[in-house]
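One chain, chain A, appears in both complexes that follow, with chain B as partner in the first and chain C in the second.
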Partner chain A sequence: MARPIEEIKWQDLEMGAAVSERGSAREYKTGSWRSLQPVVDQDQCIRCGVCWLFCPDAAIKRSEDGSFEADLEYCKGCGICARECPVGCISVVIEEV
Partner chain B sequence: MDKFSVFSARLVEKDELFTSGHRACQGCAEALAVRLVMKALGRNTIVAMATGCMEIISSPLPTTAWQVPWIHVAFENSSAVISGCESGMKAMMRKGKLPAKKINFVAMGGDGATADIGMGQLSGAMERGHDMIYVCYDNEAYMNTGIQRSSATPWGASTTTSPAGKISKGQFTQKKDMPKIAIAHNIPYVATACPSFPFDLMEKVEKAAAIEGPAYLHILSVCPTGWRIPSEEAIKYGRLAVNTCVFPLYEYEYGKYNLTYRPHPILPVKEYIQGQGRFRHLTPEDIDSIQERTRTEYEKLLKLSEEG
Partner chain C sequence: MAKERKGIEVSLAVAEAVGQADCDLISAYPITPQTHIVEHLSEMVANAHLDAEFVPVESEHSAMSVCCGAAAVGARTFTSTSSQGLALMAEIFFITSAMRLPVVMALANRSLSAPLSIWNDHTDTMMVRDGGWIHVFVENGQEAYDHVFWAFRVAEDPAVRLPVALNIDGFIMTHMIEPVDFEDDELIKRYVPEYRMEKRLDPDNPVSMGCFAMPEIYSETQMVRENALVESYATCIKAWDEWAALTGRQYHPVETYRADDAEYCIVTMGSLGETAMAAVDELREQGELVGVIKIRLWRPFPFDDLFKAVAGKDTLIVLDRAISFGGPGGPVALELRSALCNSPKAPVVVDYVAGLASRDVTVEDFKSIILGGKAKAAGGEIAGFTFYGLRG
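Take a look at the complex of A and B:
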């Protein structure tokens, strides 16, 4: 895994502004942008994966038991998953701070 | 959902080649389009990307959201740079300096990069016949610099450089028909797509990758920030654009047109227009004129696809 972004100094940058560690944007946790949080009602969820497919941030994760839920490290709280879920089992709640 | 049952989502490629942690606005369907395109292309892909939202949000130093070789080039140059990558790497494969394998050479840009500023370079790359895919993410304005109109902005849309007011209706020109311009280059494959129809989109990307020679994909990418809609409605408005025939889904393969999705019933364009802040000032007469134009354009396309 990449080093935390704060630890990378300008002297560490590569020539030509190259970034050799692929996918290192994952070090930046966009979950901190969120003010609303999607919550899946696991009893109603039919495990179809539609929420996962439509998330612009790839922030729906699938657990080993087949259930889907928001990955709060990255979820920006856009509400698309709740809007698109075919059974309407995702509610959007105001984030506790 | 298109064509498939809801459970088809589970069959989609799990690999995320465009990762979480990118800085697109909440609910950005342009970022979703990139994510889906990359799922369909797979790892053997090289991307050259023009300046614009998707470049900025995916590559703030010292990080990248890309899992494949990717280069940011000047606004107008993505198709020229990918032409060079393709020709150079194929020459090295011919000479045995690189192992021969199938690589997707992909150039990407926004509507500003494609329909305005990189048009000449794209035309050249298509004319030279490079084995490449060009993907235009059309959010209908220069969004990254703050919602300026492009030649792909539709008539009536208010942007910061086509503001609606007492005299102005917003954008006063009609949307440039970029896919038809690509078709005029007689390339083997051209298609329109929208991430609200993810399976249709991914199928077209796979086709574009399989076909030898230039392919052009034009993806309507809803931008909640610039269209002034709530972030959760980006998928809904893409679906409405297609179901009102404002943005028909079709492909053009070796000279033949094919509508890949026929909305049934066709919804009135009013359902697409109303609710978008950028069209808020339009009168019922304005909407009627958009309806009329949409109908005639769709009929032309129907006819072309019936001719085969």
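Take a look at the complex of A and C:
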């Protein structure tokens, strides 16, 4: 597990700010950038995984039962999943703050 | 190659030095007045005199990108450009130093457009002054040859690992035929040994370079860059001392000529230093207590060396070869004013901009600038800059 970013001092950084630790992007919780949120209607979803394929981040999670939903810690609400869904089961709603 | 003095065009001497340093990869796009350097290198590679990859590319942006990739896997890497080429390269220029890739680049200094000019001044290099590279200026062919090795030696030092820009005045130096003392290959090998880069791109030890950074960490990455450049000063000095021990030719970050007992000095960077020395010789005969201060190391800026050189002087007259449009003077004068402003006995700095696009600055011009600057200092006219020789 990568260190929380707030704990890293400049002296701790690798040369050239290179990253040799794998998976450190998990510490970047970019979901807070979002103003829109994708909502999946699980009754209509055909479990095809097109949303998972098209997500430009890695913010669609696949559950053990084969269903898909947005990982809100990383989803920025771009809406590509909703646009690409072949059955139109993903709607994009304004997120209440 | 054996130790030998040759009469040679400075561009070719630079290319031969890159070959003697056993460079692994050269990538470049031709642009005047840098062209002869990479043309000669491409010949050396094509004729199997140098075992290196020569990657021709479609732009300088690509040239520096190729150099970054090669340097990232640990290759000894060289490129060269000028003016518009440097401008097109600028995006990758800043990334090279941020990623700590020890590329060496000969910058054959030339004016920036517009209007189109192929001639020499320092407007191109000043554009990337804040790009995080080590910048060194040389004054003649011998210095250009010597500093190719110095640049590789410093850039690849594990404590430094930064790119080095070797500033060579376009045409005034690149196209001159000068006597150059070549060193033998064995000596060069001792000075620039085979290079093994730690933390390179290596499938067995994966590493990501040039990652994305959030606001929470960007400042820290920039402090690392600042620290690396400041700390590289010690290696710059060490590498000059080692070169002196091997060849007898000693270099310093700030060099002076007849400055010890001088009351005031002319400050130059690059090839015009030699003309300034001739002018000072003539003025000394007229009783003027004047000397020359030449800045060789531009980044990291050698503050302490400057303070030592200017101690006891009442006036510095700067010959700037670029303008900071809308600002208070040329970049060298700004640097000196800023460096000295908190010193209690700081000399006043009078700034002249001259020699743009290779307009001649002769010995007579230097004498006029030096005496004019002295009069301006006496009259308190020390703000801004004077455009020397401007009509109208």
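Keep this in mind: the second predicted complex is superposed on the first by the 96 of 97 C-alpha atoms of A that agree within 3 Å, B and C clash if a C-alpha of one lies under 4 Å from a C-alpha of the other, contacts with A are read in each partner's own complex, and residues count from 1 in each chain.
In this section, contacts are C-beta pairs under 8 Å (C-beta built on N, C-alpha and C of every residue); 3 or more make two chains touch, one makes a residue touch a chain.
These numbers were taken from a predicted model, which means no experiment stands behind them.
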Quiz item: With the two structures laid over each other on chain A, which partner does A:79 touch: chain B (first), chain C (second), both, or neither?
Solution: first
Quiz item: When the two structures are overlaid on chain A, which partner does A:63 contact: first (chain B), second (chain C), both, or neither?
Solution: neither
Self-check item: First, second, both or neither for A:48, with chain B first and chain C second
Solution: first
Quiz item: Given the touch rule stated above, what does A:22 touch, chain B (first), chain C (second), both, or neither?
Solution: both
Quiz item: Is A:6 in contact with chain B, with chain C, with both, or with neither (first, second, both, neither)?
Solution: second
Self-check item: Those residues of chain A which chain B touches in one complex and chain C touches in the other
Solution: 5, 8, 13, 17, 19, 22, 25, 28
Self-check item: Of chain A, residues touching chain C in the complex
Solution: 5-6, 8-10, 13-20, 22, 25, 28
Quiz item: Can you list the chain B residues touching chain A in their complex?
Solution: 1, 6-7, 9-10, 12, 16, 18-24, 26-29, 31-32, 35, 58-59, 61-68, 195, 198, 224, 230-236
Self-check item: Partner chain B, residues of chain A touching it in the complex
Solution: 2, 5, 8, 12-13, 17, 19, 21-30, 33, 46-50, 52-59, 71, 73-74, 76-80, 82-84, 86, 92
Exercise. Within their complex, state which residues of chain C touch chain A.
Key: 98-101, 161, 198-199, 205-214, 216-217, 219-221, 223-224, 227
